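Dropping the structures in below, format is structure tokens.
The following pair of complexes shares a single chain, subunit A, combined with subunit B in the former and subunit C in the latter.
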Partner chain A sequence: MKSNSPGRVLFINVVSLISFLILWHALVILARNDIFNIPFMRLRDVPTPIETWYALTGALFTQTHGPGLTYGIVDHTEASLLRVIQGGIVAFVVGVPVGIGVGYSKLIGNILNPIIEIIRNMPPMAWIPLAIFILVTGGSIFIVFIGMVFPIILNTIHGVKSTDPRLIDAAKTLGASGSKIVTMVVIPSALPSIIAGLRIGLGVGWMAIVAAEMVIRSPIGLGYFIWNMGDLGRYAEMVAGMIVIGVIGYIMNISILLLQKRFVKWVD
Partner chain B sequence: MGRLVLHDVSKNFNGFLAVDRLNFEVANGEFVCLLGPSGCGKTTILRLVAGLDTPSAGEIFLDGKKITGVNKECGFVFQEYALFPWRTVRENIEFGPQAKGMPKDELGKISQRYIDLVGLRGFENHYPRDLSGGMKQRVGIARAYANNPKLLLMDEPFGALDAQTRNLMQGELLRIWENEHISALFVTHSVEEAVYLADRVIVMSARPGTVKEVFNISLPRPRVRTSPEANIFRDSILKSLGAEITRAAAIK
Partner chain C sequence: MMIDYTKIMKTSFNILLVIILAVFVAGCLESKKTQESIEPINLVKMDGQGAVQRLGTGEIAGFIYWEPYPSTAITKGYGKPLLYSGDIWKEHPCCVIAYNYNWRKNTRNADDILKRVALMQLRSVEYINKAKNSGSPDHEELINFSMEFGGLSDRQTANMSINDVEFVYRNDIPKETTFIERIQDFGIFDPGKWNQSGYKNASDYANSLVTNQYVEWALANKDANLKDVALKEPVTIRYGYLVNDIHELPFYVAWRKGWYSDVGINITLAEGAPFQNGAFEMQKGFKSGTVDIGSLGIPPVIIHRINSNDFSKDDARVGVIAGMNDEGSVIVVANNISSLKDLGGKAVGYPGPGTIQHVLFLMAADKEGLKVSY
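Our next item is the complex of A and B:
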């Protein structure tokens, strides 16, 4: 077998994942039996992979009731996803036109660049206190928006600026002017960058939503769920929630890559 | 229609004189080649005629109309093709008419006509990245023609092709040109190419570029590249050009 044939890659991936689970399991069991413990860590409180699995299936398929458990993990996931989608749509609708404007027009660039350069260096989490007291509702959606809009703006600017000037010349000689050059040349040329910005933005937005839900304490959402499970000492459910967050982030990334393949056929 | 007149045209780039008081004409339906040492401003001349750059002095007229701003009656064929990579062959050819707001069914008719003319039937839905250099330039030529120009401007369109494809494309270009008969201004490095294609060859001087000598290639088409008559033209053009190439090297 060649070292990068699909079968071998899959084999290595599976072995790697299983080894990780075994190591995880072994470390917890060794700590619980006082045989070995990593200094300064309380590994005995960590759930084993098997305990986590049961917590995950339990939270997925049953509707538990009790303090903080009015919802199953599916409901929490739904709530977080919905916020990311809402914040993401606003970020896309705002970010793409701003990016095109800044990238294409020197004047708009000079007006907006100082503002963008300052604000984009404030982490989304830094906005949480402000969001709590200026917004009546939708604070976490706003945090997602802040997290997503800058990657989208910056990648759109990059895409617009790297439009081949010869293509713009060609379009001009073919009779395209002003707005036609933007819609027929600049935007299609920038599309791969715009989608890349959306992909990076979704990653940031997904991180931001979990943090925002922890702090804002809306009674539903994955961030709230893992924070609450931690408070209650239900560490298996907490880790199960973390795994759901990781898996969903991964699926979002893959979906955008597929979207890119579908809509950007001309790039190798 | 398609008479081009350059009257005392100069172009300065930040104090660097690229073209100096240039005067020449392209008659209606004529095929003119611009030949000169590299850096003599050949590409600059095409860009001035296309209105992509503005002359620092002098005037350019197409059919008596002074060129100000981008000249939408010129078809520009670029050396590096400059095809839109996100558009298929058909969509590239339709770009000009589409930009002018032509309805969809007419677009299809126009692109089909030029796809057939340049021999790209069967490749309509390919993207540029899937085409060879020669095929890309066929798209470039079809795209320029589909816009119904009065004048074709070609900037070393076959410069990036291998020798055999280059010869083939020269023949193809003449076939297309005889079919549509639009005036053409063709920039090249190759004396052989100029003698094979042109009605008239304009030899440019070293920088700053100006007209040095004009040759009327009074040979009937189809021309034989290796005929004694063609060789005589090649010889005298090479002599005229050779002096300029030596001067250009000295300038550098």
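Our next item is the complex of A and C:
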């Protein structure tokens, strides 16, 4: 179909993005000139896309003013990403074995399911006070872990359970041991689902890190940056930081999709 | 023409990998550079109670805060005073009383109200300065007021707190000019907003911000009977102040002793008051028009009248009519810290960017040639 050709899709995407920027700009300018304003909002204080762009380019790198060292967006991004990676690795290492156990063994499933079902319904943000009070350090990483581990567990369970029983039977007939069946049949079959869990988990982890950084204050991180800029009344830098958060989340999502396409070739 | 979507995705993915790699390499190079000198001190925003607790658990190596938090931490044995803010800058201005420009514009007798607010401040400061003395008959009452206002449970902390603060009513315009200059040096103003403001220099800005005319009226009517100088028709003022801040004790004393109502001013708490810090009082209180008159640190006033102001409306415009206190902030550190240098690479709690404690800490670090990240 013509309307689905990649060229056309890209064209529509670009036009839509540009229209959004124009609408944003127009709303701010109209509010600033007292022509139109959305009630109960101070839209006049929102930076225009152009102001945001200048703020973004101006705040990319670390600057010093006298004794004051203000980290650049690049450093803040690096710090936040590092926390997500650290929390993500722990979540992966914990989540995948738990998921395989619960999915493969009915007994383990019966033991762990009630616990998982309750804890997974506590949003990562609900853990922030606990992280502040009981953890001396690494609170933000812990919140990422909480955010990421449940999507990974649930997707792993799903992947394991949807392994074709004929494949397992075939392996059994060929004399494979229990551990062989798990490593050679169940895990490869569940891998796409595990990666899907990782992708969802990264999304949740990225949201959680920004919230955690706002509350669990450390001097560096994107969540911290946008709050800090808000405190200083530098709203253009604040919005620039928000956009960076969105773009990074998007990039993480498509990166995992591409990785999946490259490395999990047996799925389609 | 067909565009190969997957090819674009692949190319952008590769570009991305290169960018991420570059960022990490740059990060590594940078961390090598800083290892040679003392690492920057990390200022971390937190509330005062949190700062005291975290110093106790060793999570932070120190904090800079307004009284009573330093005295609380010291009497609990969590830390010791490293620098009093008077050591950083002798008799530096701190909290002030400010009014909202738009409130003044829309209030017929605003000048008469402001004169009486200045008089309240003068009376309170004189009362406190006498009652600070332990031999004074009012001493016990003052300690009770400080405990109520500061949220304190012990008299020793209250006494220590009020003795660290110098209560004043005058504005010192040259010193406030210095504050503006330092805030400029530290790169806190939004450059675009500063240009829009149209102020030629720091002293131009200070003179437009601060006036002593109301204090002069108060001095002339210093000994008047309050009933004689009362407003003919009582007014209601929405007042904003900072949470548990002993600096603002003069306001609380005048309020509690009923002096405000004696001169015909009913104080109601502004929406959102007491505020967590001055930056928040400026942005949420004054700018939103929910605070008519309030007390807060002079740096948040200086910073947000530029950064948060919409110059076509002048919505964050405030005027400063009286001082509240000088000094009164303390850098408290863990017992194993003996100099500012020892704080390098460690976390130090503070009320937030753009507060007086922020600016004072930068000034202290500047003297020692240290770097501070925030």
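Keep this in mind: the second predicted complex is superposed on the first by the 259 of 268 C-alpha atoms of A that agree within 3 Å, B and C clash if a C-alpha of one lies under 4 Å from a C-alpha of the other, contacts with A are read in each partner's own complex, and residues count from 1 in each chain.
The working rule: a contact is a pair of C-beta atoms (placed from the backbone, for glycine too) under 8 Å apart; a residue touches a chain by one contact, two chains touch by 3 or more.
Because the structure is predicted, anything quoted here is derived from the model rather than measured.
Visitor: Mind checking subunit B and subunit C on superposed subunit A, clash or fit?
Guide: Aligned on subunit A, subunit B and subunit C fit with no clash.
Visitor: Scan A:254 for contacts with subunit B and subunit C and give back first, second, both or neither.
Guide: Only subunit C; A:254 stays clear of subunit B.
Visitor: Check whether A:74 is in contact with subunit B, with subunit C, with both or with neither, and answer first, second, both or neither.
Guide: In the superposition, A:74 touches subunit C alone.
Visitor: Go through the superposed model and pick first if A:218 touches only subunit B, second if only subunit C, both, or neither.
Guide: A:218 sits against subunit C, while subunit B stays out of touch.
Visitor: Under the stated touch criterion, which partner chain does A:6 make contact with: subunit B (first), subunit C (second), both, or neither?
Guide: After superposing on A, A:6 lies in contact with subunit C but is clear of subunit B.
Visitor: Quick one: subunit B or subunit C, who's touching more of subunit A?
Guide: Looking at subunit A, the partner in contact with more of its residues is C.
Visitor: Of the two partner chains, subunit B (first) and subunit C (second), which one does A:45 touch, if any: first, second, both, or neither?
Guide: In the superposition, A:45 touches subunit C alone.
Visitor: Between subunit B (first) and subunit C (second), which does A:164 come into contact with in this model arrangement: first, second, both, or neither?
Guide: In the superposition, A:164 touches subunit B alone.
Visitor: Upon superposition of the two complexes, what minimum C-alpha distance (Å) separates subunit B from subunit C?
Guide: Superposition on chain A places subunit B and subunit C at a least C-alpha distance of 22 Å.
Visitor: Any idea which subunit B residues touch subunit A in the complex?
Guide: My answer: residues 50, 52, 70-72, 74-76, 78, 80, 82, 84-87, 95-96, 98-100, 127-129, 143-144, 147, 153.
Visitor: For the complex, which residues does subunit A have touching subunit C?
Guide: 5-7, 9-10, 32, 44-45, 51, 62-71, 74-75, 77-78, 136-137, 217-220, 227-228, 231-234, 236, 251, 254-255, 258
Visitor: Applying the document's contact rule, which stretches of subunit A touch subunit B when the two form their complex?
Guide: Spelled out, the residues of subunit A in touch with subunit B are 164, 166-167, 169-177, 180, 184-185, 188-189, 191, 264-268.
Visitor: Residue numbers of subunit C touching subunit A in their complex, please.
Guide: Result: residues 1-5, 8-10, 13, 16, 23-24, 26-27, 30, 40, 42-46, 57-59, 185-188, 190, 192, 279-280, 282-283, 303-304, 306-308, 310, 312-313, 316, 347, 352-354, 362, 365-366, 369-374 of subunit C touch subunit A.
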